[in-house]
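Quick one: structure below, then a few questions.
Letters A, B, C, D and E mark the chains in the order given here, with residues in each chain numbered from 1 onward.
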Amino acid sequence: MTDHNFEPTIIGFTCNWCSYRASDLAGTARMKYAPNVRLIRLMCSGRLDPTFVLRALSEGADGVMITGCHPGECHYIEQNYKALRRFLLLRRVLTGLGIEPERVKLVWASAAEGARFASETTAFVEEIRKLGPLNWGKDEGERRKDEEGNKNSSFIIQPSSFEKEVPA
Amino acid sequence: MKKYLLYPGCSMESSGRAYRDSINAIVEPLDLHFEEIDDWNCCGATEYLGINLIPAYSLIARNLALAAKQTHPVNGTEGTRTVVAPCSACYLNLAKADYYMQERPSLGVKVNEALAAGDLQYTAGTLDVRHLIDILVYDVGLEKIRSAVVRPLHGLKVAPYMGCMLPRPDYQHRWSDHEHPTELDDLLRALGADVIDYPLTTSCCGGHMTQIGPETAFELIRRLVADADERDAQLMATVCPMCQMNVDAYQNEMNRFFGTDYHMPILFFTQLMGLAFGREPKELGIGVELVNSRNALAHIGVEVPVTQEPTAPRKKVEGLPMPRRWTKHEGRKEAVK
Amino acid sequence: MTEKVGVYVCHCGSNIAGTVDVEDVAHWAAEKLGHQGVIIAREYKFMCSSLGQELIEKDIKELGLTRVVVAACSPHLHEKTFRIAAKNAGLNPYLVELASIREQVSWVHSDKVVATAKAKAVVSGAVSRAIQNAPLEELKVPINSNTLVVGGGIAGIQSALEIANAGFHVYLVEREPSIGGHMAQFDKTFPTLDCSACILTPRMVEAGTHPNITLLTWSEVTNVAGYVGNFHVTIKKKARFINEELCTGCGICQEKCPKKVIDDVYEAGLGYRKAVYTPFAQAVPNFPVMDKDNCTYFEKGTCKACEKFCPTGAIDFNQQDELLHIDVGNIVLATGYDLFDARRVSNYGYGRLPNVFTSLEFERLSNAAGPTNGNIVLRDGKTAPKSVGIIHCVGSRDRNFNNYCSVICCMQGLKFAHLVHERTGATVYNFYIDMRTAYKAYDEFYQRVLEEGTLFVRGKVAEVTDAARYSNEKGKLIIQTEDTLAGKQRRIPVDMVILSSGLQPRHDAKEVGKLFGISCSMDGWFTEKHPKLDPVATMTEGIYIVGCAQGPKDIPSSVAQGAAASARVLDKILQKEVALEPIKATVNKEMCSGCRICNGLCPFNAIGFLADDNVSEINPALCQGCGTCVAACPAGAISGTGFSNEQIIAQIDGLLMRNLEPA
Amino acid sequence: MTVNGSKPKFAMYWAASCGGCEIAVLNTHEKILDVDANFDVVFWPVAMDAKYKDVEAMEDGSILLTLFNGGIRNDENEHLAKLLRRKSQIMVSFGSCACEGCIPGLANLSPVGDIVHAAYNTITTDNPNEIYPRISYDVPEGELHIPKLAKVLRPLDLVVDVDCYMPGCPPESHQIAAVIDLVIKVVKGEAELPPKGSVIGAGDSTVCDECPRARNVKSIKEFKRIQDIAPVDPDLCLLEQGIPCNGPATRSGCNARCPAVGAQCIGCYGPAEGVMDYGARLITAFSSVIDANTTEEIDRILDGIPDPTGQVYRFNLAGSLLKANRDAWKVK
Amino acid sequence: MPQMTDERVRAGLTHEEDLSLLHEVSMKTAGVSRLEMCIQCGTCGGSCPAAQDMDHTPRMLFAMLRAGMREEVLRSNTQWICVSCYHCVVRCPQEVHIADVMYALKGMSIRAKLYADSTAPDFSQTFIDMVESYGRSFEMGLASRHYLKHFPLRLPGMMPMGLGMIFKGRMALVPKKIEQMDQLKKILDRAKQLEMIS
């Protein structure tokens, strides 16, 4: 069920030439969209290092939106294809890590598509809202459904006892 | 042996029986195996779509769901995901349902909800819906067909009539062209027939208008028959039972309506294939047409010198050169792009 | 804490302050980001005003700020403004960071609480990022004053002449044997009906004889290296099999050549040329070329008729392709268009029905120097048509083919109507969707053609057929359409149909774009830097696009663009040097292990490989700063200025408010 | 460095790992004699008998050097890690398990309950009554305990402070020998220990640096498993042949042992200097060589890597950003 | 539908603009209709083989849809004359799914009972009845029932053809029924419910 009280936090990566300008255009046109996305400007979607996505997710983002120029329209000729290739492999790896691949979305938006930028943003926020919060950074065991099937919890030490000892 | 799932369609059991007989006669020489979809139902033709959207597509989708169940190999037979429909209207309905269920997912969801009431389900895109002539030209290949010919149709002037629902709307880009496809021409030529340039090859036969607005239909039939006649065709070849029915069964009605006297027999292309493969007219259902083809078929079997295939432009051109003709190859390439 | 950060929150009148509590944002930044180094946070009505800028400059000087964060509008608007302010105060301009709280916050959200919270996050991200910013210096490179113009159509000719007349050298490269382009094929030009050859030929001759222009026809650019100011270009001069030193252009070789070939280029397939030929009488240069693929000698080893008859011994069957290497500072691309292949619209019957012609075919048909000497006749070569239908928008404004409007077809259709009317007296129909006759004297031309009695039918033609339905249609081409203004379907029998075919990007535009490092739009035209304010420049510094290479346009616009690009080139040449954005990638050679994964990623060929050291290297002048290689380096050996990993990671953490506690 | 006239003390411990690290130390052959000659080995369960209580009794900081291998999977591992940290002056995170989790770290993909369940209920386990061992058991001599499992495996430096990291599965013997030499020199005052947090016994670049194979600009249409290619070009970069080789992202130091003999690098030396997440580097490396522009085609090519997560995080999962919420290497 | 005001009627305005019409038709079209993209070029009207018998060309019908002329549109015979030849569909420069829009209009016309001539809707209904009772179409029953009702005078003229078809074995005298008729019924019943909801 969708938790309507849950406000997702989303990091958006935008291309300086298209999607960042599309967001500017959405602003100039006073289009209203969901406030949950915080944007980072890159020069190109090709600059998107998967580390950024992993970092965002590990530091509390519930989703990551990657935006770039439409295929064939890259300001740097073809680097958005490289972003696409990376994105597709990244999603597979995230799936393997137990993260819903829908949490990372790739959107093509040209500098003229302010409306599209706004609607895609809002749609993505809703998708993430449906998925619920991403609790990385919390203990792995808590996230998983291990509690129920686990008859031997005595085996397992509680996370609270698991603090790093810092030398005085 | 290549296996396909067969969706015969209702006409095959009655008005289009000759089509079915002639198909049965050609599968063996071409090494094809058609497995009929169990308990298939009517596709609704063009009627159901005009009344109710979801029931219409559910009706069609039941066939797709049944077919999808039969895609897997059974008892050592080969598996297949290709459904063959020899009737153009059936082909279009099945192909379109599959396509629209993908194009508009909400339709797919509702149709599946309806199917669930009958414990069925269908995932759009599971099947490949294709028409018989598509299989013959692109899977079997003209080469194989040509090599099966024992009685070339030399001297028989045939107007190739594709009809409209086969090459259009063609969401899957299967045909060389929407307006002047060459598949039927090529196939008939492979049988040795003299194929006339028939610009109305994809014009409409009137469809169900013979039933609800005969005057409209008669005019459409007239155009087809008159142009074929004008171009000295002895026979029309068709790929669709509805087209065959309209042009054949209503030709006399049409003649009476316009005060004309056309006699243009129309046969299924598979009947002509059967003849070329040396089968007897009777086993191909020849003779059940209302506009009989006796005179036209008298031309076959008679020793006629090999006629040159009309590859050159129709009218001899002096003066300015013509542009290169649009080839099928280019057509498909463009279409796929 | 090493950096001293100043945060400046702009009200932008009520643009920001109306939705964001700017005072709260400023107080919050000073309080919560103090440990990050924020020593001052101010809000002000208009930060971009001179008073606002002075405020920042004063703080930089008095408080010794080392980083400045301005929370205001989009960086695309005022980043430059604040960078200059910082520079004036002695701070490296790249240490200024903009946080967009107008376009990204106040204008797109309505809830003040939510908007204020988001503004804080955006500021927090900017502060974290700013701390990681590094001072950068712009790179200055000298400009080579030579220019390369690719394509010898009217746009390219114009561009070359402008630069050459200003006293700088131009290399004009043309793929065909002669310059002139499509314009040389036309008979008349709309709307004035000037003779095309009369106005074009003098320009061609001028370009051919200009002391500052090196004309390279029958040549193609095969490689482009380098960057603005310093391009190294390789040009393949295809073998002409004619010694240009010896050839006088007398034309005897073509006269004697026994091999007739359909001329698909200049005659649009409607006429013939010889295997050795100049495409047309006024060709510049006037040397013929030998078409190796069709020459009997090359095919069978005998003939050599041309060699026997050449009075100067200029035929040279042993000539080889030649590679020229030139250095230029700027490049103008004027590569033109291809005509839409009308055979694709099979319902119009081109290629199947003899008397359906394309626009280019008709241009040749109506041209006095064309295959029929200007007689407008059917394909039998003799019969004059009594009725002609001209179909607009063939392959244009059609999602089945090209979505865009080809711009010239309406006027071209009108021109054809006039010519047919004038030369044959035939009845002329024009079938159109919308008449687009914008620009000076164009609509007047429409009026004139109306006056001449041309019949206009508003309706996109459904089909052209030879299947006669009624007796008056026998032997004719029937144009079937809906007359949308009458609301009725019509069948109009005519003798001749002319398809006003649209324009398409050159079939090899994508490859050419790649060669020069520029991109194509969805439709395939070269992409300009800005569709309105910078229509002849491209995203790649030093590369300009003019004429139809940029999009469909008519002759006056092509000429205007040719001249415009020249002005931009001259501006660059006269500046003598150019500053490059300092957003660049660099390879840390210690960490690079030469895996060469980055080598294939750069479309600008900025990444080279030093085999001896087994490391990759980036040429900073070629690097456009996209950062793809930075993101791709598996060893983490490539770093990018302006958008470093540290900056972006810091911004992520900042946006997620992970920087509120001291580390 | 406090030596106090006597030989400095040396300890080595084996937590959640396979024991290969210990074998690697012994693989230094006669170099091990140098250890004996220069150190007083006070604790090394695999080589000598010593009790935990003996260590507990030692003075804090009295051991000069501890090589700690293995990740922290249970409370015993944790106790020993903290204990040895207190007693040691130099704590070396030794081997891939201690540094970044290694193979045992892949267990972090599954909830710990599942792991226990799997261990006692596989199809090869004859345990019809689902009997699990008890955590404690009273015997006449007192209560016996077995260690409790932690919910995830953590690299050593998430539990205690670490002075140096020495990667590898196991660290190459020649690198161990070099480190032993270095420490001896340090003890003798002839050299300085590298700054805290440094990686020792490894290079700064990646495996490609040491790989003898020829490399060109890469562009592949297909990923294949090495056994599916016949023959593998013996001189050409494996990635160029479509084999997902982890070499480009893996720290050098092993002399490219695997690719040199025709097997792809699997990444045991972990990320190169300064890299925040090892898997991300491999994701971008593999995707960068794909020659396709449509989602369908790219997906088809990626299907050639059947387990992408295992491929890019085989050794590094517990040390990755998402699975341990920390930088892979705490450097700089 | 909004009520006409007296002064508008006096001014000669005959219809109230029903701007929901276009959207409604779009929603009832099987695929994505793209109806709003029509540029009124007339390709459809020009292509239509039956345009001569239509009240309005398809293009005009689309203009009327936009103008919100609900009654006039649903009363038009255009959708009923459409022969589904798809010429307009493949030629349309805006890729409007014209044939499917026609199907949607037929359904709306039936529901609103606005069709001028009952021949076509009756034929469809008869056809569907056959399919719903047997699972297959039954040409003999269909043709006889339909002609009897709508073209009784033509029936004698059609007799030779009908007899010919029967004589040549091309018309079955008894319907063929599919085996799982109950399953098909369940599916269609559920589908009809869904149609009502949507």
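As a convention for this text, a contact is a pair of C-beta atoms (placed from the backbone, for glycine too) under 8 Å apart; a residue touches a chain by one contact, two chains touch by 3 or more.
Because the structure is predicted, anything quoted here is derived from the model rather than measured.
Engineer: Please identify which chain has its centre, taken as the mean of its CA atoms, farthest from the centre of chain C.
Structural biologist: Chain centre farthest from chain C's centre: D.
Engineer: Skim through the chains and flag the pair connected by the most C-beta pairs in contact.
Structural biologist: B-E
Engineer: Using Cα averages as centroids, what's the distance between chain A and chain E in whole Å?
Structural biologist: Centre separation, chain A to chain E: 48 Å.
Engineer: Please tell me the distance, in whole Å, between the geometric centres of chain A and chain C computed from their C-alpha atoms.
Structural biologist: Those two chain centres are 35 Å apart.
Engineer: CA centre of chain C versus CA centre of chain D: separation in Å?
Structural biologist: 54
Engineer: Which positions in chain B are in touch with at least two other chains?
Structural biologist: 178-179, 223 - these are the residues of chain B that touch more than one other chain.
Engineer: Mind pulling the residue numbers of chain C that touch at least two other chains?
Structural biologist: Residue numbers touching two or more other chains: 347, 463, 601, 631-632, 645, 649.
Engineer: Two or more other chains in contact with one residue: find those residues in chain E.
Structural biologist: Correct list: 52, 87, 90.
Engineer: Can you name every chain pair that touches?
Structural biologist: Listed by label, chains in contact pair as A-C, A-D, B-C, B-E, C-D, C-E.
Engineer: Of all residues in chain E, which touch chain B in the complex?
Structural biologist: Touching chain B from chain E are residues 28, 30-32, 49-50, 52-53, 79-81, 83-87, 89-90, 99-100, 102-104, 106-107, 110, 119-121, 123-125, 127-128, 131, 135-137, 139-140, 143, 146, 150-151, 154, 157-158, 160-161, 164-165, 168-172, 176, 178-180, 183-184, 186-192, 194-195, 198.
Engineer: Could you list, by residue number, the parts of chain C that touch chain D in their complex?
Structural biologist: 590-601, 614, 631-637, 645, 649
Engineer: Can you check the complex and tell me which residues of chain C touch chain A?
Structural biologist: Listed in rising order, the residues of chain C that touch chain A are 74-76, 100, 102-105, 107-111, 114-115, 118, 121-122, 125, 513-514, 517-522, 527, 539, 583, 601, 603-604, 624-628, 630-632, 640, 642-643, 645, 648-649, 651-653, 655-658.
Engineer: What part of chain E is in contact with chain C in the complex they form?
Structural biologist: 39-48, 51-52, 56-57, 59-60, 87, 90-91, 93-95
Engineer: Which chain B residues qualify as touching chain E in the complex?
Structural biologist: Counting only chain B, the residues touching chain E are 10-11, 13-18, 39-42, 44-55, 57-59, 62, 96, 99-100, 103-104, 107, 110-111, 113-120, 164-165, 168-170, 178-179, 202-204, 206-209, 211-216, 219-220, 223, 249-250, 252-253, 256, 287-290.
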